[in-house]
Every structure is written in C-alpha cells, then in structure tokens.
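Chain lettering (A, B, C and D) follows the sequence in which the chains are written, and residue indices restart at 1 in each chain.
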Amino acid sequence: MEETMTQPTKVAGFGRTLKSEEMVISMGPQHPSTHGVLRLELVVDGEIVVDVIPHIGYLHRCFEKHCEHMTNYQQVIPYADRMDYVAAMSNEFGYVVACEKLLKIKVPERVEYIRVIMAEFSRIVSHLIAIGTYGMDIGAFTPFLYCMRDRERVLDIFEQTCGARLLYNYMWIGGLSHDVPGNFSGKVKDFCRYFRPKIRELNDLLSYNKIFIKRTANVGVLPADVALNYAVSGPVLRGSGVAWDLRKNDPYSVYDRFDFEIPVGKGLKGTVGDCWDRYMVRIHEMEQSVNIIEQAVDKLPAGDVASAIPKRIRPDAGDVYVRTETPKGELGYYIVSDGTATPFRVKVKSPCFVNLSALPAMCRGAMIADIVAVLGSIDIVLGEVDR
Amino acid sequence: MLTYFRDIWDGVVTVLIGMKVTWMHLFTPAVTIQYPDVKLKLPERARNRLYVNMDDCIGCDQCAMACPVDCITIETVKSTPDVDLGLTSVGTKKRLYVPVFDIDIAKCCYCGLCVYPCPTECIKMTDVYEFAEFDRENLIYRFATMTPAETADARSRLSAYEKEQAAKKAAAAAAKPAPAAAPPAPGAPPPANPETKG
Amino acid sequence: MTAQEIVDSLKARFGDAVLEAKVDAFPDPWVKIAPASLREVCLFLRDDGGMLFDVLMCLSGMDYRGGKLGVVYHIDSTSKRHRIVLKTEVSEADPRVSSVESVWKTANWHEREAFDMYGVIFDGHPDLRRILMPDDWQGFPLRKDYQVPEFYNGMKVPY
Amino acid sequence: MKEFLLDLLHNEPLVYTLMAIVPLVWVVPFALFAVWWERKISAHMQDRLGPMRTGGYHGWAQTIADILKLIQKEDIIPSAADKKLFILAPYLVFAGSYAAYAAIPFSAAYVGSGINIGLFYIISISSLVVVGLLMAGWASNNKWSLFGALRSAAQIVSYEIPVALAILAVVMVTGSFDLQEINRQQSGWFWNWFLFQKFPFLFVGSLIYFVASLAEVNRTPFDIPEAESELVAGYHTEYGGMRFALLFLSEYANMFAVSAIATTLFLGGWNSPFGDWLAGPFWGVFWFLTKGMAFIFVQMWLRWTLPRLRVDQLMYVGWKVLIPFAFVVVIGVGFWVMALR
C-alpha cells in the first residue's frame, strides 16, 4: 500500500527523461480555480507537476473557538451554516443530530422527514455547484449557468420555507424554525419533474463530451485502499469504487425508510477512481436525491415541528461523535459538554479538509491542467476546510 | 487504429450533440431579470433588514442575549413608579426606558434568532434588502427614540428616586415610621413616534 | 466485535498501555491509552484480523483544563462495522503523543491541526507545522487559558 | 479601388494611406461589435440576457463604454517586468494581425494590396503574432504569463502546419496564391465554392482549416494559452488598460482574419451564392462580411459549448489527427487534379 501512495500517476507518454530544472509556482490564494482561497505550492517540471503542497487557513474563522464562547448551543447553528456555505442545511443537520443525541431528545417524525427533504435538496444544490464549477475548471462555461439556473429553483423553495436563500438557520435542536409552507409538496414535485430532464441535458452537454472525458478520465486516480487510508469520504470515496454511504451504512434520522442506491465509480471511461468517476457519482447522486425527495414528500406525516424544541438546552456532561453524510462527504461533530449551557468543545471533522489532504496523492506526475481537474473533482469548499 | 478512428468519430459526434444543446438554448427565453428595474416578490418569510418597533419594546434584552454575533446593544433606565410608560400592543406593561437600542446591521448575520424570544414581537425581519451605505457608521441603526435630554432627565429622576428610596429605607431602619411625602414628579413625556427607517 | 471484546483483547495484548476503559459510556464506548504506545495500539487495531479498523474518522485535540491536554481518536471499521473511541491524556508541560500518521494517512493533517490549536506534539509526524494559523503565530488558540494577543505583526488583532 | 483613387487624387502616398486605413476602419468597429455579439450569444446560450443597460437596444453601447474605460485606466507596468518588451509586445501582436488585412479581398474592387502571393503573405505575416505573444509572456516576468506564452507559441507553430496543408490543397486546385484569383475561380452558384469541389477532399480540408484556425486564434477548445482556470489569463495576465485593450482587439482582429481566409478559400469569398443575383463589388462586401461573420458565429458557438483540451491532447490533435488527415487531403486533391489534367 505504501508503494501505491508514493508512486506518481504517470501521464501516458510523459516520462520525465529530459534533464530540466524544477520551478516552484504558487497557485493561489488568488487563482480562478482554487475554489476560494486555497494556495497550492506546485513544484513543476515544465508542465508536469512533481509535487503539490496545499496551504490552507486563509479562511479560518475560528468556528471551534466561537462555539466555546456562545451563550447557548442554539447560537452555534448560524455559524455551522457558514462552514460549507453551499450546503448549509446539511451542516445544520449534523449539528442538530449531534446535540439531540447529547440531549437524548426524540424529534417528531414530521421534523425528520422535512429535514431529510431539505438535506437532499442541499445535496442537489451542492452537487450542481460542484458540477458547474467543474465544467468551468475544464473550460466549459455554459453548464455552470445551467446549474445555477436549476439551483435557483431549489433556493426559491428554501426561501419560501425559512426566509433565507443560503444560510438558513432552519434546523433547530429538537425541531425546525418553521413548518413548510402550504404549497410545499406541489412545489417539490414540480421541481423533481423539472429537474430530471435537466440532468440528461447536462449529460449531453458535458458528461459524455469527448473532450471532457479526455480531460477527466484516467486523471487523478485514487485507488480504493489509499482512499480509505486517507479516510476520504463522500463522492471521492464512492468514485474510487467503495460503496460507503452513511445514509445506508450507518443510517441516521429516517434514511433507513427510503429506497435509493449508492452510485459508485465503475471506471466506465478510464480507471476506477479517476476524476470522471467522481464527477459521475455526483450526477447519479442527484438522481438518487430526487428519488428520496419524492418518497419523503409522499410519506410526509402530519404533526407539529416545534413540539420537541427544549426550553433550555443544558446537556449532561459527556461527549458525542455524530457523523452525517453531507454532499461533500462524512461530516463529523465531536461535541463535549461539561454540563453547562455552553459547549465545552466542538470539533468538526470536515469532509473537505480530509479530502483535500489526499490531493497530493492524486496529483503527483500529473500536468498543471490536471491539478485543476483533480481539485475540481474533489469539490472542496474552503469555508469548510478552514472553518 | 480502430480506437483512433472511433475517438475522432466520438469527438465529432459529441461536439455536435453539445452544439445542438446550446443552439436550442439560444432560443429559450432568459431566466434572468433586469434586477433594479424588475424585482421579484420576496416570500413572506424573507429574512432581511431588522426593524424594531420601539413603541412595543419593553427593554427586556432577550434579543441581545439571543444574538450570536452580539450586534444588538440595549441600554435601559428604570422608570420611577409614578410614571406610566403605557402598554405595548400586546398588553405588556412597559417599565423601562430604552435610551439606547442600536443594531449594527453590518454585523448582523440574518439568522433571525433575535425574533423568536421577543415577548412583544416588536423586533422583526422585514423584506428590505437594499441598504448599502458609503460609511460603515451609517449601518449602525439607532432605533431608540429618546432624546439625550429625556434620557438625562430619566436618569436624574431615577437617581433621585433611588436616593429617596435609600433615604427612606435608612430612615425606616433608623426610626420605624417615616414621613413619606415626596412631591410627585412631573410625568415624563411619552416616547416620540418611532423613526421609520427605510 | 463488541466494545468489551475489543477492550479485552487490547488489555490482553498491551496490558499497561490501556489505562482506563468505559464500555457502557453513552453514546460511544471509549478506551484510554497511554500516549507513548498509541502508535502500536493503532497499528494493531488496523491490522489485526479481528479488528480491521481501517478508517480514522476523527482526531480531536482537547484541553481538559487544569494543565491537561488530550487527543481523542474516533476509529471505524468499514468491513467489520464496529467503532471505538480512543482517548489519551498528556500534561501541558510535556504534551507528547506518538503519531499515528504512519497508520492512517488522514492523521497527517488532523495531527497538524491538533498541534496548531493545542500544541500537542506528535512524535514521529513527518511534517509537524501549523496548518490553519499563520506560521509565525504565537500560542495555541484553542487552549482554554489562551489570551488573544493585542497585535500580530503590527496589526491590531481584536478588530 | 486603388486605380480609381489614383485617378481621383493623383497622390500615391495619400492613396496608399487611405487604402491602409480602410481595414482599420473596419477592424475597430468590428472588434467592438464582436465583443458585444459574443457576450450576447453567450448570454442567450446560457439562458441569460447579457449586457442590457448601456445604450438603448440590448446594451449595444456596452463595449464602447468598456473601451473608453480601458483607455482611461491607469497604465500599470509591473516593476519587475522588462519595460521595453512589455510596452512593445501589444503593438507587435496588433501589427501582426492587422498586417494580414493588407491582402484580404473584401470585394472584387477592394483589396489592400493585390499581390499575387497574397495567401503566402498572410500565412507568414500572421506568424509575427507569436513573437509578440512570447514577448508579452516573457516581459511580464510572471510564471503564469510565461506558461501562457510558451503554450501559445507551441500551439501556433504546430497548428500552422495543418493550416498550410489545407491551404495547399486549395492552391493545388487554383494554381494561384492570389486571393482575388481564387475568388474568381469560385464565381457562379454556391456549388462552385471549393467547399463542395473535389468532394470530399476539400470539404475535409475546410474542416481541418477551421479547426486549426481555432487553435491559431486561441479559441475554445484550444484556448489553453489563456485558459483562465489554469493560467489566470495567460500571457496578458499582467496587462491592463489600453495595452490589454490592444491585445484584446488584435485577438478579435485575428478571428476575423482567419474567418476571412476561410471564406475566401472555401466559401467563395465575395461571390454571391446565387449566381448573378446581388452580385457586384458593393454586394461583394456584403457577402464577404456575412460569410465571415457566420464563421465567427460558429467560433463563438463552439466556445460556449466545449470544454478545453489539455496541452498534450492539443498537440495530439494537431500532430496525430489534423496533420495526417491534411496529408490525405493534399494527396487526394493532387491525384484528382493530376487525373483530370
């Protein structure tokens, strides 16, 4: 295993035989395709990358320190929103599940179903951004705008539900801030009906385009054993062919009641675990999310969404680690309580942080353009990497 | 050799398929709007700029406590018992002057946590979302309606009253029955109408 | 494997290195390991046929107040479907823990983060630098007794 | 037109200056229009509206406002840059692409210089652009710029071979390098155009020319020298204000130049597609520009559809796909011409 990790991914026909000088080049923190303020220190030999050293921390906003200085557990939620800001619902979800476990609260069924719908919507939103920006990284502009167009429709549903488009503060410990609006099911079903053909269009325009396949297949291959050793999660892990999805393998909330599949990378256009596989896993996951949403809306039980919200949140001393499957991967909250109203410690295991740490393993021996492709395919959000 | 030609064929075909998609979209109506000319209607739950109806504020400080970014600053002055500050619209009796109620909207994160604990529902999020300013100072919204003179007056009366009470207590402690006869203070002017922002 | 079995086999193999174990803890059972033998314990946990803990889910630095730092490891097995929490405690004066970077690569950045935030030193880590804070930052920000400095490189810190 | 002006003015230098100004009068408004057009096309392909405010109808004055802004901007030269080269490069790039216009026949009556080796002249003079781009990339003293410049040089040099081979196929048919002569040989109805002659050889040749010309003018999917997701902006990363405008202008001028050559070689140049209908020197200008703009539309259409290739794949397409096919075309046309003689 050690060997596979140090072995550089050789580009066909690009053995480094000529004697040449290596150049250190700084990609970022201001660079169009580092998806935020990531800095990659590239050691390049011409166009071929010898080593990649990621430097992070430019967006460090002291989330964990803030949590220890809040007056109560509830106030953490707006901050949790701001970690992975393209899928804020999923971040809240993980936090409230962790707090409820710590408080030993059982939340009403209706709340669970609405949470699942919202989390799956946020998965669609996040994947749309990932796919759109990935297209941009590869050089295709138009898919990005199509993705943004569809994303707006989801954001409209979010806004009608909780009043905010991006940072929701919607899931509260023990409940939700609002019940869904009156015409919710109809709107959701409309969206599902609208969205399926759009995925096909996206496939026509981008996924099966020969140039796109050439750029992504066989690039940035991450074998399954290396992936597990790096503990990468989400589409990156599934792209490597490991069918590991916490919604199925360690179900939380009511995910065990839905019928859906775990898409995995099969290496259809190249090697298992290449960029195209990771990309395609996202496309298929959006389809699965639509399935889950449709099922959840059909089964949505009646009830009150605020009945289980505790008046005062003061968990017993203890610690809990809860992991949930966000669009980016496994988001873990390790919350330690000392019996007061303020968390003693909130550690976030962010999926992007871990996935990014595997970047050098995927990039050695690739070309500069491949770095962009690999970085786009692991879909990082710097807000979550740096917290 | 076969893959060579198939690659070229695939390349040409998929390029044409992609071109077909963009060609169709050339004639689809745009989904964007001309923003400041055309505006979308916000849903009723929209969370944007905060507004405080000072007529109803009882100065309980709950919103400031709930705020995760500490952008609300409230100072209160107790009223003397002889003053009637009136009732709020939900019928709560007001007992505190609120000389300072500042919201630094530049810090506000629009989470809405301040809205829920308010007992009189006087702080709420409106649908106003265009309030850019050139000076950061202008983003500190001062909702309090009391003039400095009124504040000073209220404070001095409070301290006078407190002194009096202390004196009374001391007197009561010294000699059991004390002649309590403070002349009634002139009624404080009611707070002026709230300054409607935006 | 249940938590009890895991703890038993750890105790049988490492004896003194297992300082304390609580298998009925809510919600996750945990084992406290001596900081110096962490690497061996983890290597055993990863490679032993009955354990196969192949994923390090989370590695958290801790400050337990009173001069005690700690590191908490949440590990998981994708094949055996069991999980356990390892805890370790070190003193602020000598915060040395043996690194598990060679066991799970993912620990590399997590350990750097714990070092950055708490000053826990991981023996055997190949590249122990600050990760989130600037390289020349003074102090360890997540320690409970941390005081925010007035200035950083001439810039006023509490803006 | 030259003879006409000479008769009228009896002043050779003045006439030559006038003749030289005509393409400039065309290039600058064309570039402004093309930038606006590209924005609108991209916007509508992406379900957007694009610029709508400046000017009245669909923001037609947007690019004029942009160029005015660019002219007014502070002229920044990085302190570490090689100043002389940095200043010179945009002019060289523009000169290279502008000089090509000298031999482009806009109409039966107008060609800047009716030299009998016009095609040859265009191929060689447009190589001057490479020098300018290399100069810009090197002088900026920025690693990304250098990458862009080197990629650009490698790309243009490689893709000139298929371009030249495709042109060679046409020249073998016409037996002339004179663009006006090539145009005249395609007169009549549209099936006389070389696009449909010697089928399918010249048809494939025209495709090869089109694809390779995309690479020569750095358009998607061959825009790797200025691939903004990799190289920020390639060789013009450090340029701003007027210098950037000049580079930008020459890019669009180049786009039209290659489209004009494609029009002349394969689409009958200024000939009307329908025999004598709407033919003549003035309608010739109309047909020529229409055909050129159609080419440019396809270039834009491709740009807003396709992702971009990687640098090694670009070389693969150039050397292993286009050049072999171009040779096949040349040999095929050669045999055809020989057999029919």
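The rule is short, and it goes like this: contacts are C-beta pairs under 8 Å (C-beta built on N, C-alpha and C of every residue); 3 or more make two chains touch, one makes a residue touch a chain.
Values in this document were obtained by computation on a predicted structure and should not be read as measured data.
Traced through touching neighbours, the fewest hops from subunit A to subunit B number 1. Interface comparison, A-C versus B-D: the higher count of C-beta contacts falls to A-C. A straight line joining the Cα centres of subunit A and subunit C is 25 Å long.
Taking each chain's centre as the mean of its C-alpha atoms, subunit A lies 43 Å from subunit D.
Centre-to-centre spacing of subunit B and subunit D amounts to 59 Å, using the average Cα coordinate of each chain. For subunit A, the set of residues touching two or more other chains reads 142, 146, 149, 205-206, 209, 211.
Shared interface positions of subunit B, i.e. residues touching 2 or more other chains, are given as 15, 18, 21-22, 25, 31.
Of all residues in subunit D, those that touch two or more other chains are 45-48, 304-306. Taken as a graph of touching chains, this assembly has some other topology, since it is neither a line, a ring, a star nor fully connected.
Each chain pair that touches appears in this list: A-B, A-C, A-D, B-D. Residue ranges of subunit B in contact with subunit A, taken from their complex: 7, 10-11, 14-15, 17-18, 20-22, 25, 31, 42-43, 45-47, 65-66, 68-69, 109-113, 116, 125.
Against subunit C, the residues of subunit A that register as touching in their complex are 5, 56-57, 60, 62, 64-65, 68, 101, 226, 228-232, 242, 244, 249, 318-321, 323, 330, 332, 334, 336, 345, 347, 349, 353-354, 356-358, 361, 386-387. Touching subunit B in their complex are the following residues of subunit D: 41, 43-49, 52-53, 301-302, 304-306, 321.
Residues of subunit D touching subunit A in their complex: 42, 45-48, 143-144, 147, 220-221, 223-224, 227-232, 304-313.
Partner subunit B is touched in their complex by these residues of subunit A: 70-71, 74-79, 81-82, 142, 146, 149, 152, 159-164, 167, 169, 177-178, 181, 201, 204-206, 208-211.
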